[in-house]
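Next come two complexes built around chain A: one with chain B, the other with chain C.
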Partner chain A sequence: MSELVLQALYSGLLVGGVYALIALGLALTFGTMRVINLAHGELVLLAAYMAYMVESRLQLNPVFAVPLAVLVACTCSALVYLLVDRIRKNRELNSLMLTFAIGIVITNAVLLIFSGDVRSTGSPFMQDAVQLGPLFSMKSELGAFIISLVLVFALWQWLSRSWYGRAVRAVSSNRDAAKLMGINPARTELISFIVAGALAACAGVALYSSSVVHPALGHALTVKAFIITVLAGVGSVPGVLAAALLLGVTEAMTVTLWSSALQELVGMTLFLVVLLVLPNGLFGTARRRG
Partner chain B sequence: MNAMRRTAFALLAVLYVAVPAALGSNNYLMGLVVSSLIVAGVAVAWALLGNLGGMVSFGHAAFFGVGGYASALLTMKLGIPVLLAIPLAGLVAVLFSVAMLPALRLSGPYFALAILAYAQIFRILATEMEFLTHGSGGISQIPVLPTIAGFDLSSRTGQFLLLLTLLAAFLAAYDAIRRSHYGIALRAMHDSEDATRVVGVNSVLLKSWMLFVSAFMTGVIGAVNAHVINFLEPDYAFSGIWSVLPIVAAIFGGYRTVTGPAIGAVVIYLVDQLVFKALVSTGHQIILGSVLALMILFAPDGLLPLLRNALRRMRGASHA
Partner chain C sequence: MTPLRLMAATFAVAATVGAGGTAAAEEFTVGVQIPLTGAMARSGTGMSEGIQTAAELFNKSNAKHKIKLVTIDDESNPAKAVAAVEKLASQGVVALVGGFGSNIIGPASDAASKLNLVYMTAGGVDNDLTKRGHKNFFRINNTQGYERAVTQLFEEQGVKSVSIVYSTKEATADLAKDLQKSLAPKGIKVTLHPFDPAITDFKPIINKIKLQDKSEVIFMSAYENDYVGIIRAAKVLKPEIKAIVGVWSLATSKMWKDFPDLMPNITGTSLLPYPVDYKQPEGKLFNDTYRKMFNKDVDYLAQFGYVKATLLFEAIARAADGGSLKKGGLADELRKTNKETLIGRVQFDASGDNLNFRHRMGQHQDGKIVIVSPKSEATGPIVWPGLPW
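Right after this comes the complex of A and B.
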């Protein structure tokens, strides 16, 4: 039993790494533009299907799909920004419905082009087992986790050290003051959307390599990313990582100890409890949502 | 205003007679019209919460599913007559919406996604509570609508007349709430909730009432739907489509108007089924998504206000 629990803990952590990557993109755009991009999970989905296309058509390892996936996801993300930016009236809710609509369009476009079948990598290299003491995983799962950690760390450094990273944080904390300091908020927002697209692209390729994808996954990923953002609270990269790992582990534990059907239930309940009881999230700085 | 009300009544009377007379013999088309009225009912309930309560919900499927299951179980397990079970199912949906009250403290997007979470939780519970709901196998042979005074409500025409009556009642209730002093307070809350609270309006209580009314309407429609199609399974009853279609319909028709969502639902649903589905069979929701995106971008107030303005402009031109 304890072996099973340990294994679940391990698998949950590995999945949590990819969740962190997805959630960071959502949190980044939410921070700068105060807009929840409900099409974010669908960007990840698009990237995953680019990996599928490269593998099935060109017979290449899905890793080689990263440039194409980044190009597609960044373009779509920038497009989402340009469309959201056109909204003038009641921006908070209208942008929510607009990105929701874009998500529906992307999901159904994927459904039309690639059909509703469940896809996963066929590469034997990716599916090889790796043993770490008593714990097992696929090579791709461990790889996806490590790459996710590296990217999360890189984003953290970018946000805290680079000029653009600071600009993003400045716009997110006070748009007008940032403008007075000579930052172009529109350009900063666009950059945050492009970076979010790149993160989504890497997450999509990692997800395709280590797990299974199907068109309806996009919406589920958006919801997961939002749950993580709420758990983490606004404004902390390590917080997002911790919340993502927590969600991954909780889901894996539920599947092992309880039932796989209840996996989503636990995530949703965790979400509601944190949302209603701890309005600032588990790690967030004080900020009201009311 | 009186003239408008008279036109509304006249239009309703025409609909009662004309639609069954014109389509009554075509079972397929009549079935589509019945389904479109079901979507219209949910769209009106959604718009009531969105317009008066100022809360956008992504989870009306929660109330729809609860209503359907409640009515099916009340009639089948307790033997309650169908026409009594339908309003009771609405009350059960209200009961479930009580669980959502804490979410009212949340603003905009947080509320929208919290309701989505509730809908998912209800769907999983309906799948898991097999002793009550038969799990993912679903409930079949749900009783049909009864025959009243020799008139068979379970026929397509009967279903149509029942749903049209319900829809008219919903619209009348919506309009009455909007005109009452509660409606004025709700509209004031739109501009500034804080200012409205300062003059002594209990905004949380008012919002709760709107949530209850919206849940009741959606639950009733879900219940009628269960007796119309006679089969329920969790993935159908709590399907995201019951959350998406009403949003598209209400935005399309104009969710700040009373009749816009209902008209939008009928138009969108019929066009979707008759035209879009014929064009693209598997992913026809892509067109719904595009319509929603285009409406938000170019006509966020919906088509009805747009048409009204165009009409006014034309009249102005003829007067000049």
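Right after this comes the complex of A and C.
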């Protein structure tokens, strides 16, 4: 039994790492602009298909797709921002509809270009098993987990230490006050969307390397990212990692100790319970009015 | 007769025959409601190509009747499938063919039934679909056909224990439960592992099979993305099993092409060996026409699409000849079907289910699909025990 539980914990942590990677970009744009980018999952998906393209056409390891995926996802993310920025009334609500529509457009573009087939890496290196004592995983899963930790730390440092990071936090806290401090809110928001695109690109390549992708996946990714963002609490980058790991471990333990059919249900129940008990999420603080 | 008169007479005869021919070729519009986008896009596209091939061949071989297809993409969405059926009905279609996924076919065929339109499908095997009392619903495949094929394979190989990993969607859950019912009386120990369709990491399930079930065989009642996740998890954890067996969309050339490292010795339902080798002239003609139209190899989806559409078109022609088409006689005409097709003999019972549907089992062997069960129809020996690692 202990072997089962240990493996479940380990698998849950690894899956949680990928969840964190997927959620980081959404958490950043949500924290900065209060815009829920419902096309975020589709950006991750787009990056995953770039990895597929590089692997299938150029016969390269999907890791080499990162530059192309970053370019494509950042460009799309910037375009999403430019469209969202044109909304003049009721931005929080209208941006939901706009980004949802953009998600549909991206999904169907992916479907048209790459067909509805299931895709995943064929690289034996990525799929090879890694054994740590009694624990098993694929190399790609372990790699994605480490990359996730590195990116969470890098984003955290960027937001807390760099000028642009502080500008992002200032705009998030009070847009008008930030303007008075000489910060260009539009440019800051654009930068946060581009960084979110870069994070989505890394998530997409990691997802393609460790799991399976198909055109209809984007929406499910957005929902997962949104749950983690809300669980974490707005504005908390380490919170995203903690929430993602908690969700991953909870799901894996549900499968092991209960039933695999209840995995998603238990995840959603955890989400609802946290929201009821801690309305600002696990690591969020009550938002002050500027 | 002078040459001028002869020429005039020839023209007159030709014109008469031509005009007569045109007048006799009555055109019937058939609605195709199918997912071309969304989660079921791949399966829907395959079926749609088979339907188009059926229409092409029917129109070429039939001077008296022509079929015109009007296709609406239901976007893999039940509500849009119902809207598609209603729109097609408003365009005057004589019948509907298509659908994929029991959860979509259910409401779409309900709508067709209310509109008194025949609905012919091969994309929904949920047992409940034929228990609704619809007089206009017909399907050429069902869960029982899959269940019989898998049970026979296990009996032939003397399997003693099976872990069934199944998606909680209707069709996959139905198959898993029916299989459990048919295996248990034969003394085969069965353990069920249902999973939510959203999950992607199967290691916790496979680890339970490895450490607790210790079964001889993992059986997957799932879809392509699940198969990849399950086989990968098994490849990482390497449970002591003899085989991994699945159902639809698994023993296909496409799966070998896309996942050559995961497919060796994996067994799944398959009516066709690969490379495709049709013995009957109809099969050869279908294969050649499909290749010309779509520049690729026939797969089981296209074949199902072709067979169901051909049966429907032929019934339309018979009903039109008998004068019953406009009086709602198409369903009765379909019920009279008793024909040897590319998927075997098709006869419908009162609920519209194909009485004779029975699948075969194919195994991936070095890029080929070898039919390995039933033994009487095998095109080669099975590799057993046989695993991808």
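What to note about this one:
The rule is short, and it goes like this: the second predicted complex is superposed on the first by the 284 of 290 C-alpha atoms of A that agree within 3 Å, B and C clash if a C-alpha of one lies under 4 Å from a C-alpha of the other, contacts with A are read in each partner's own complex, and residues count from 1 in each chain.
The definition used in the following text is that a contact is a pair of C-beta atoms (placed from the backbone, for glycine too) under 8 Å apart; a residue touches a chain by one contact, two chains touch by 3 or more.
None of these values were measured; they are calculated from a predicted model.
After superposition onto chain A, partners chain B and chain C are found to clash with each other.
When both complexes are overlaid on chain A, the residue A:127 reaches chain C alone and has no touch with chain B. In the superposition on chain A, no contact is made by A:57 with either chain B or chain C.
Using the contact criterion defined above for the overlaid structures, shared-chain residue A:98 touches chain B, although it does not reach chain C. Of the two partner chains placed by the overlay, chain B and chain C both lie in contact with A:108.
In the superposition on chain A, A:211 contacts chain C only, with no contact to chain B. Contacts of A:116 after superposition on the shared chain: both chain B and chain C are touched. After overlaying the two complexes on the shared chain, residue contacts for A:138 are found with chain C alone; chain B is out of touch. When both complexes are overlaid on chain A, the residue A:161 reaches neither chain B nor chain C. For chain B, the stretch among 4-12, 22-30 or 76-84 that collides with chain C in the superposed model is 22-30.
Common to the chain B and chain C contact sets on chain A are residues 107-108, 111, 115-116, 259, 261-262, 264-265. Residues 36, 83, 86-87, 89-90, 92-94, 96-98, 100-105, 107-109, 111-112, 115-116, 219, 223, 226-227, 230, 259, 261-262, 264-265, 268-269, 271-272, 275-276, 289-290 of chain A touch chain B in their complex. The part of chain C that touches chain A in the complex is made up of residues 37-45, 76, 168, 193-196, 198-201, 203-205, 207-208, 211-212, 224-225, 228-229, 232, 235-238, 254, 258-261.
Of all residues in chain A, those touching chain C in their complex are 3-4, 7-8, 11, 14-15, 107-108, 111, 115-120, 122, 124, 127, 129, 136-138, 211-212, 214-216, 220, 251-252, 255-256, 259-265. Interface residues of chain B facing chain A in the complex, by the touch rule stated above, are 56, 58, 102-103, 105-110, 112-114, 116-118, 120-121, 124-125, 127-128, 240, 244, 247-248, 251, 280, 282-286, 288-290, 292-293, 296-297, 300.
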